[in-house]
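The structure's right below; bear with me while I get my questions together.
Every chain is named by a letter (A, B, C, D and E) in the order it is written, and numbering of its residues begins at 1.
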Amino acid sequence: GSSSTSGSGNSDKDEVTIGYFPNIDHAAGMVAEDKGLYEEALPEGTDVNYQYFPDGSAFMTAIETGEIEGGIVGPGPAMNHFTSGAKINIVAAGATGGTVIMARNGADIESAEDIKGKTFISPRVGCTHDVQFETMMKNEFGITSDRLDGEMKHVTGKPATYSSMFESGKVDVAAVPEPWAAYIEAQGTGEVLFQNDEVAHNVNMPASVFVTSEKLKEKDPGMIQNLVDAHKKATDFVNENPEESKEIAIAQIKEITDQELSQEVVDSSWERMNFTYEVEANEIQMFADSSYELQFLEEKPNLNGLVDTTFIEE
Amino acid sequence: MFLQLNDVGKTFEDKEKGEFEVFSNIDLSIDRKEFVSLLGPSGCGKSTLLSMVAGLEHATSGTIQLEDKQIKQAGPDRGMVFQQPSLFPWLNVRDNVTFPLKSTLSKQEAEKRADHFLKMVHLSRFKKHYTYELSGGMQQRVAIARALAMDPKVLLMDEPFGALDEQTRHILHDELIKIWEETQKTILFVTHSIQEAIKLSDRVIVMGTRPGRIIADFNVDIPRPRKRSDERVIELEDKVMNLLKEEINKVLKEELNNELEYSH
Amino acid sequence: MNLNILIKRILFLVAVVGIWQLIFSAGVLEEIIFPSPLSVWEALYNGFTTGDFLGALGASFRHLFIGLAMAIAFGTVIGVILGKSKQADETAGMYLIAMQSIPSIVWVPLAIMLFGFSEFAVIFVVVLGGTFVMALNVRTAIQSVPPQFIRAARTMGTRGISSFFRVEIPSSVPYFMTGLRLAWAFSWRALMAGELLSNGPGLGYSLAYAQDYARMDQVVAIIVIIGVIGAVVDQFVFSKLEKNVRNRWGLS
Amino acid sequence: MNLNILIKRILFLVAVVGIWQLIFSAGVLEEIIFPSPLSVWEALYNGFTTGDFLGALGASFRHLFIGLAMAIAFGTVIGVILGKSKQADETAGMYLIAMQSIPSIVWVPLAIMLFGFSEFAVIFVVVLGGTFVMALNVRTAIQSVPPQFIRAARTMGTRGISSFFRVEIPSSVPYFMTGLRLAWAFSWRALMAGELLSNGPGLGYSLAYAQDYARMDQVVAIIVIIGVIGAVVDQFVFSKLEKNVRNRWGLS
Amino acid sequence: MFLQLNDVGKTFEDKEKGEFEVFSNIDLSIDRKEFVSLLGPSGCGKSTLLSMVAGLEHATSGTIQLEDKQIKQAGPDRGMVFQQPSLFPWLNVRDNVTFPLKSTLSKQEAEKRADHFLKMVHLSRFKKHYTYELSGGMQQRVAIARALAMDPKVLLMDEPFGALDEQTRHILHDELIKIWEETQKTILFVTHSIQEAIKLSDRVIVMGTRPGRIIADFNVDIPRPRKRSDERVIELEDKVMNLLKEEINKVLKEELNNELEYSH
């Protein structure tokens, strides 16, 4: 995968850099790139660059350093950075759902109780999927991770590697974002333990959000409006043309990551997602409270000002 | 004979230059209690010969016998003092001297013995010091004490004072003669210095080079202490010097690549 | 070190912190990217009073000691074999240098794949970080025993295994100390790499964690801790030891 | 190096690959975490034929050359200042050692915070990796000029700036070479750390990327490339250069 | 007078030991073309005195004048040869010799001049060689050529042959005398060796230690080449030796920490 990076942070109007990851819940980003929707919405002659980040924290850092103007990221990193003082806004959602809990074949896990004493993996400590999983385990089954001196061992790693982790028996349970849950199923290394609607914060809570920096809002709200408009258009396109969107996603993921997802994998992961740009501040706040209860955050978070829905309402 | 070399030869196998014969057909007999110097230009094989007596090198041909027993390997019946300091820096002076005694004597006996010889070389005060705290002359004194402490039959010395300055050398000469008279050891002493050889020894063996060989064997029967100004000393010095001149010139010419010939 | 020098050093430090504060006050950089000296100090203070840093430090030192001990043991064995056997040295010596020139961070992915996210993966990386440099130095140590010493020992009837323990080993100590110092330095680097990419606990993990949560004050605080520990251990333990030994062995 | 040694080395390599294949064939480890020699070979082959590895190598060397050049320049300037001025040395010398003992991976989060995910962040880490060790060696170089040389030059009417250029600089060359070799070694390590945590392109990034997608064959292939480059550059460029210089300067 | 030292004294400021006076009230006059040796035990200040004439050290008191001009700093009118090799290893033999000539002569002239002096020391063949390829004796020859190439008024030599073996030293003695006769330089020569001093010089200045001072000034009017066996040489050697004995013992006693006193 290669990309043309804009180099240093620039607030130059003639150039905009958008960030996202090659994940299914970022499909709107992929469609927008493929269809040139950002270019369409922005003033004539603006160069749009794309940058793909290995994880949410890296994405957030890039926003803070002004390297990118905006893009799609998980709500976890956005919230974590916001509570640490990052001046950013969630201006739209990317998608909801998409987090599935998988158990390794042969790990003898039939129910939540069986997870006691086992190892689970998530992309990062305190990432969206981690919070969703741990909140469900804590609230519904009273099982916590070793970070809280509980009974589950927590490790982290890139979702693409979970299938091989299952295969080698290194981990037993995974909180997986799509399309990797479907991929694991297809590989036959693991099975679904909790469907995407069973995990906490999974209905209205976004799995991905569109983030821009506060600075940009002050300096050039018009640009944010353009970006959000393009994003809305892309989301609508995804909902109206699922098959073409899937094709775009498969091609983009192949282009960026060298991994070819099968139609079957994309189909079944599509089932577990809902593509919407609507976002509610109190959903995010509730999620943050869960994160605080799990002691990912040191202080009770106050997310006032994080979500700014004025651009979607426009 | 006490120490007997018969028809001894040595050839080194050098990977790059092939075989290199240092010397051959060396015959030499040394009496008990004799002080014998080996004198000769650089590279004539003095150190090689001494190493063979020590048992550190094997003779390619011929035999070396000490009290009629063939010398096969190094052993504590032959003590050796090298030009380079060979004291062990991780041991203090006394532990250096007791090093060879560890296997045969109790700790207490070994230390008593070491103290005796350290007193002989006037270093009682420095028992607890380490090598790096001693001057070159003091280090060689310790090395002599260490060799003596094994009570060897022969003391082999390879330019022991070569790295010292002239004044220190004079002082150690006097000490060595005193020790030799006191301990009655047989000494085989290698040196570059004509003066040193004549001052110290009963016999001066002069060696030549390319090929290495013995070119003369002088008895020095001048009573000790010998004065530099003694006529007999001067006479002998002159004799040896003339013998060596040709040998030295061989070496020199090689070094200068025959330049002398055409520049003069 | 006299008082004069101490004062100079402290003044230098004060000046650096002063410039830092000035840049901060100028406000050209966001606080989230460029923390103030005070907030770093607070992060340090809080980290130590809550015990977070101490816990991380404890874990890091556990990894380091286990890993370093194994690296020293393996390195010494490999080094002695290569130092004593010309055959082995000619055959495998070159590969040792190749292994040493692989940055230890590169082993981390392999370690995680092979051993999962256990602390053992971190220790594995630490061991790889220290073993080769130790082996190279022990090899040099054995090869650098002055032949003079071995010859002298032989004239005193000491040879073979006895000469190995009474002469070669003690004579090697200075190079061995150099090996120790370098093994520490490389293991320390490997430790940070391993922890940063692993799953905690440990100082490197705390750093990665602080970075994930955009806590630049903690990031800088942890960098300061790492720098201080590195410098102190290097200067006051290993370099000092090495210097004393070299001095006693008459090598400097 | 004669033919005999070469054969031994090749046989050793063959033996290692053989054992590897045996372990693989035994099937105790899953293929996904323990690739076969053949699949690694294929990954190498494909990586080079598709140009992926060459692109990554090119980027890595670009980072390395720019970073190393800057490290050498900064290190030399700092080293000369500390070497010539006792004041400066007493004041700042200790901090230089502290900076040197901070593993360069630790700088990566800071570099990313300050410079974003640009290649400049990687270069920044490479510069930090090489500068201090270079400075320390240049300082030693300047301080180790034999006073004998300076005195001799003075008796020949050469002093001051002229002596600096005609005597001190050439006399420092061997230490300078050592500095170069170490600066390279540390910069190379820093480069891998920087790239592994950055956003590409570069060999380290390719490695992280291969790991993210569980491509163990590529992971091992890239480790092999890194090891070979490290060993070759160290042995055939820097060590050789240093040895020749030391030999000529009569230092070994 | 050509070279005139008046009431010269030197005190070192040592941070640990405080002030240390090497010597004071040294008076010395040296004629043009004279070959003068400074002889004395270690530490008496020979090197310090030579360095002051070279201008490498400043006199704490008194004045040093060369041709009635005060010596303030080092300069090419005084060439110096040190005991330790001080050739520059990054230059080949010829470039070492042309080093001091760079600022005054064209490259071609400098090389011509260098070749002349290299021929004088019999090293024409080694022009292109580097220091590490030369033996110690050859290195000192180059150093002499380098000093001579500056055409200095005085040649200062600080134990130039101290590190060489006896045979090489003899050869270089002869060469030095030849060069001195050929070039008619004034030479101030520091040595430990009584023999060397008497063999070479017109005048032997004997220095004592603690405090450093001149204790004798001998004229050696024995025609050259001087033979070791010459009666006048032996007589002078004896004289100087007796003078120095006491001084040497001072040094020795200090080294052994007075042990000799109670062990004898």
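Going forward, a contact is a pair of C-beta atoms (placed from the backbone, for glycine too) under 8 Å apart; a residue touches a chain by one contact, two chains touch by 3 or more.
According to UniProt, the chain labels map to these proteins: B, E = ABC transporter ATP-binding protein; C, D = ABC transporter permease.
Only a predicted model underlies this, so the values are computations on that prediction, with no experimental measurement involved.
Counting steps between touching chains, the shortest path from chain C to chain E takes 2. No other pair of chains has as many C-beta pairs in contact as C-D.
With centres taken as mean Cα positions, chain D sits 50 Å from chain B.
For the pair chain B and chain E, the distance between mean C-alpha positions equals 31 Å.
Averaging Cα coordinates per chain places chain A and chain B 85 Å apart. Touching of two or more other chains is recorded for residues 33, 112-114, 208, 211, 214, 216 of chain D.
For chain A, the set of residues touching two or more other chains reads 61, 64-65, 164-165, 168. For chain B, the set of residues touching two or more other chains is empty.
Taken together, the touching pairs give a contact graph of some other shape, not a line, ring, star or complete one. Screening every pair of chains for touch gives A-C, A-D, B-C, B-E, C-D, D-E. Against chain D, the residues of chain E that register as touching in their complex are 51, 54-56, 73-76, 78-80, 82, 84, 86, 88-90, 99-100, 103, 130-132, 146-147, 150, 156. Touching chain D in their complex are the following residues of chain C: 5, 8-9, 11-13, 33-34, 87, 90-92, 94-95, 97-99, 101-110, 112-114, 185, 188-189, 191-193, 196-197, 204, 207-208, 210-211, 216, 219-220, 222-223, 226-228, 230-231, 233-235. Touching chain A in their complex are the following residues of chain C: 30-33, 112-113, 116-117, 199-200, 209, 211-215. Per the touch definition, chain E reaches chain B in the complex via residues 41-42, 119, 122-125, 135, 137-138, 162, 165-167, 170-171, 192-194, 228-229, 234-235, 237-238, 241, 244, 248, 251-252, 255-257, 259-260, 263. Interface residues of chain A, counted against chain D in their complex, comprise 1-2, 5, 7-9, 51-54, 58, 61-62, 64-67, 158, 160-161, 163-165, 167-168, 257-259.
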